[in-house]
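Below, each structure is written out as structure tokens.
Okay, so chain A shows up in both of these, paired with chain B first and chain C after.
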Partner chain A sequence: MKRIYALEEWCIDCKRCEVACKVFHSKSKDPVKAFLYEQPKPRNRVRVEGNRTLSIAINCRHCPTAKCVEGCISGAMTRNPETGVVTSNPEKCVGCRTCVSMCPFGAVTIEEGPTHPIAFKCDLCGDELGVPGSPSCVAACPNRALIYVESEGN
Partner chain B sequence: MLDYVLPRYRVMRDKDLCIQCGVCERSCSNEVHHVDEELGRVTANNAACVNCQRCVVMCPTQALAITRWPQVDSGSSNWTLETMQDIAKQAQTGAVLLSSMGNPKPYPIYWDHLLLNASQVTNPSIDPLREPMETRVFLGSRPEILKVNERDEKLSAPLPPQIRLDVPLMFSAMSFGSISLNAQKALAMAARELGTFFNTGEGGLHRDLERYADCAIVQVASGRFGVDPHYLGAAGAIEIKIGQGAKPGIGGHLPGEKISEEVSRTRMIPQGTDAISPAPHHDIYSIEDLRQLVFSLKEATGYSKPVAVKVAAVHNVAAIASGMARAGADIIVIDGFRGGTGAAPKRIRDNVGIPIELALAAVDQRLRDESIRSTVSLVAAGSIRSSADIVRAIALGADAVYCASAPLIALGCHQCQDCSSGKCNWGIATQRSDLVRRLNPEIAAERVVNLVHGWTHEIKEMMGGMGINAVDSLRGNRLMLRGVGLNEKELEILGVKYAGE
Partner chain C sequence: MAITTDYLIIGNSAAGLSAAEAIRKTDCEGSVLIVSREPYSAYGRPLISYLLEGKTTLDEIWLKPEEYYEENRLQRMLGPDFEVVQLLPEEHRALLAGGEAVEYGRCLLAAGSVPFVPPIEGLAEASNVFPFLTLDHALAAQEAAREAAALAAVEGRPSRCVVIGAGLIGLKAAEALCGYVDEVVVLEMAPRILPAVLDQEGADVLRQQLAQRGITCLPGITAQKVVVEEGCATACLLTTDELLPCDFIVAAVGVRPNSALAVDAGAVQGRGLVCDSQLRTSLPDVWAAGDLVQVTDAIDGSKRPLALWPVAMAQGAVAGASMAGAAEAPSYESAFAVNAVDFFDISLLTAGCINPPEDGSFTAVTEVDGDSYVKFVFRDGLLVGYILLNRPACGGIYTAIIENAIPVDQLDPAIFSAAPENLDFPPALRWARLHKFYPADRDRRGWKEGC
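Then we have the complex of A and B:
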């Protein structure tokens, strides 16, 4: 499957990826509404760690044997067997944080959801859960520090 | 002490569009923007802005634009705001004013007064999509007479060494030190892909770029930085830099802070020391001395590669070029006064030198009058802005052109003229690691290649329109040019007829 890889050599800590991710995962898909008006607040699923001299975008690897899926107690976190995309179903997530502690990449966060805190993670910008779209972070990255490429394994 | 200097620019932030994401704050090395959580808005320190436009391009909502500081001037055309600001700065510091890039003053741009011809009825134009078009040129000296052994169908004597360019342009000298390694690498990668050459400037050849050495023209300048037999031997050609269009008669000075470990290794000078290139070469005080250096370099490389000599376009450039040809230069490079630089005294940049168009025409004519034009190659430099400028330069007599500002603009340069601060937000004219990494050479090289591909298509189209199918047939073909808005003297020097003639 195609996966997103972050290259720290070229990451410049601009966080345009975070902005693009948040906007894609908003209702309006409009940056001004997404950032300033929408409730509940849309969440970005990619997160940049580091500083100006060394930074990297943290995002989901859509692992073939996904620890988050293994750990999930409610059946919210699933891996689509056909596409390989790992997503969390907000309706099923109970916010137990098991996935957060299981993920070796720190790619899942628990944040305020419509009724209670739930897991947020990269869904490859698909129109529906489990179907990859074209990742907004990759398109927004000015320095090719995020690449979306076919990778080994499934 | 209160300094009397006004801000030059003002950041215009559209409050309706700003989402306070902080991308601008993280993009600006001059620390202009600040997301103020307490105020709940983004503020700007306008005085620090140099108008590099990085934040404008990076802002995800197009909330930004930079404008001039709105202060009106005194109303005098003589005491303009800029003139008065320069005085205020010097009154404050007592120093020479420094600036960068090329001469920005409104001197005439002769390219814009030269129109190209196209075939109609009496001779056919050529469609470059259907018929072959040759953009390849060879640079180097040529024998006066070509002796051919007709029976063996071979040359009786070998040709002098030449370099082959698939497109009639090369990237002008920019040293590692004045630009970042990523910028130089991007140009090297683009040169390889395009079948042309980049120029190391006088900063030596970084070891990471040795694999591009065959596409490199290595410079030998007055500081002789980075010059050793390996450097000379690795390159495609050697260039002796006597002068540079942006600062004729002036040496160079790369301050110690910029001599990082890598720069020091490549230039072969101690880390942290100032890299001073003297104004003259201390071993060149005459054409005869130049000849010695030309032949020393040829000896050192076994006469295997052409030696170019580069001078700034100045008053007697035609006579100087004639001397250079006689001194053994295989390629003569003339750099006009609009050529850029990483740092130059502002007064020199703005007031010294002459336009490349006039210099090129004068040199080509002089070499023709002396019947030596065909023995050397002629390269024009100093603000070639488009494919049309290349076509005009070739028609005025150039074999090829050198471009630097245009490829830098392809890399992101917005001509803010603040190169000398070392804080280039585009990762070009800087050695700061957090800024250098902003320029991914892979993207940068692609952009330069795209630009040159676009230009090459346009050159073919313009040549096709004239009914010409090879750059070789355009060279010095001034009948393909007509002047507009020029006086008799200008037409005479340019050697072109007036439009309508």
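Then we have the complex of A and C:
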């Protein structure tokens, strides 16, 4: 499958990936409305760690044997066997944080959802769960510190 | 005529379904039959409290869409008639409560846990005492809570539910019922709540937070007797000799491995079923997975069941692969507990060793900061356990540090004072962690040769 890889050598901590992710996952797709007015707030699923001397954008690895899927108590977190994409179904998620306690990379967060807090994670910007799209973070990175390439594994 | 199947899976939950999925990865042809005494499609067992809270519904609680079973040709027989009442491993037969027999090639026991009923006088005979292990239990408790609230309103008094046992299940039941009755009182024989997953200090912090949200926990106190009038429990006589009136009771003092079928057939049992690294029991062609398996604790080497959902899923995958004779069958050697629970807006993650023995080989650091309480336990330069009360962010990074036994001196010491980061790992390890399956034709700058 195609995976996103972060290259810390090029990352300049500008957080444009976070902005692009948040806007893509908003209702309005408009940065001003998304940041200031939408409720519940749109969430970025990529997260930049570090500071200007060393930083890296952390994204879900779409693990072949995904700990978050193994742990999910509701069946919300699933891995599409054909595409390899791991997504969480907001309708089924109860916000228990089992996935948070299992993900080795800190790639899932629990944030306010339509009725109760639920899991948010990278969905590769697909239009439907489990189907990859074209990742907004990669397109937004000014420095090619995020690449979306065919990986050596499924 | 007996029913025949290549694979018989007893239990339609985490372990059973995970095994069925693993069998299908290797064997697309063999017939798979799943039997369960519960009359429902597989549901998230831990979700029963969330259902009462309205965080899931009877439309969403099911683990898999119905088409899944057909697509994967998993036959199911669900309901009381399909409870397995006897296992005859030599004959490769299982007898069902409805009178039929199943002839199988290989069998998986994934029958989970059964509630432990404490020997409290009166408890067993009252009709308004509920365990909290199944969807039916939860729906019955919900009904009792609604009736209690209505009756108490008429009588002009507060409605009250008593939960016996402040373990995970008891406290989740308390949280769920809190939205229905006026008062929920949780009794716990041990000196602290969540005795298995918290230490004293953390338990005290959590207990206060639960109290602010309407749940009264009484650690160190339990019921010595249940007062029963006309078949109904009306009060608990506490070990302090006080009488605590109640409308109904949830009994959640603990669970036991539901392994009687195998034990009666002669299987070796310790604190759970004893299995090899492929999760084969001592009986011929009988595997086991989930709550009823005895697991070796990766940290202290002790042997006991680890009654947790992710553990059941992982074991099901191993047992299923082995049953189907997968070429690269994984093995199951040991595990450690990772618990994630939330109560209202409170979050609690714990893992591994939390209350280390005071033999000098462990060190622990703790920190209280506002509503949060954090504890890390170390041994021989390794992280072996944690408590994260109200500081959940990126908790899985700590879990990975325990699981992969990453020496603490390789990590940025800051990793323990705030949410852990991937940058806290040394460069080489960080690259290896974050760049699995990295394309071979690119260098670390992301460039292809010559570009």
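Convention: the second predicted complex is superposed on the first by the 154 of 154 C-alpha atoms of A that agree within 3 Å, B and C clash if a C-alpha of one lies under 4 Å from a C-alpha of the other, contacts with A are read in each partner's own complex, and residues count from 1 in each chain.
By definition in this document, a residue touches a chain if its C-beta (ideal position, glycine included) is under 8 Å from a C-beta of that chain, and two chains touch if they have at least 3 such contacts.
These numbers come from a predicted model, not from an experiment.
*Asks:* Should A:C103 be classified as contacting the first partner (chain B), the second (chain C), both, or neither?
*Replies:* second
*Asks:* Given the touch rule stated above, what does A:E9 touch, chain B (first), chain C (second), both, or neither?
*Replies:* both
*Asks:* Which partner chains sit in contact with A:A20 here, chain B, chain C, both or neither? Use first/second/both/neither.
*Replies:* So A:A20 only meets chain B here.
*Asks:* By residue count, which of the two partners contacts chain A more extensively, chain B or chain C?
*Replies:* Comparing touch counts on chain A for chain B and chain C gives C.
*Asks:* Intersection of chain A residues contacting chain B with those contacting chain C?
*Replies:* Correct list for chain A: 9-10, 144.
*Asks:* Contact residues on chain A for chain C in the complex?
*Replies:* 3, 5-10, 49-50, 54-56, 58, 61, 63, 67, 70-71, 73-75, 91-92, 94-106, 108-110, 115-116, 144, 147, 149-153
*Asks:* Considering the complex alone, what residue numbers of chain B touch chain A?
*Replies:* On the chain B side, the touching residues are 16-17, 19-23, 26-27, 58, 60-61, 433-434, 437-440, 442-443.
*Asks:* What residues of chain A sit close enough to touch chain B in their complex?
*Replies:* Residues 9-16, 18-20, 23, 31-32, 34-36, 52-53, 140, 142-145 of chain A touch chain B in their complex.
*Asks:* Which stretch or stretches of chain C touch chain A in the complex?
*Replies:* 44-47, 50, 54-56, 60-64, 309-310, 313-314, 317, 338-342, 347, 349, 351, 392-397, 399-400, 419-423, 430, 433-440, 442, 444-446
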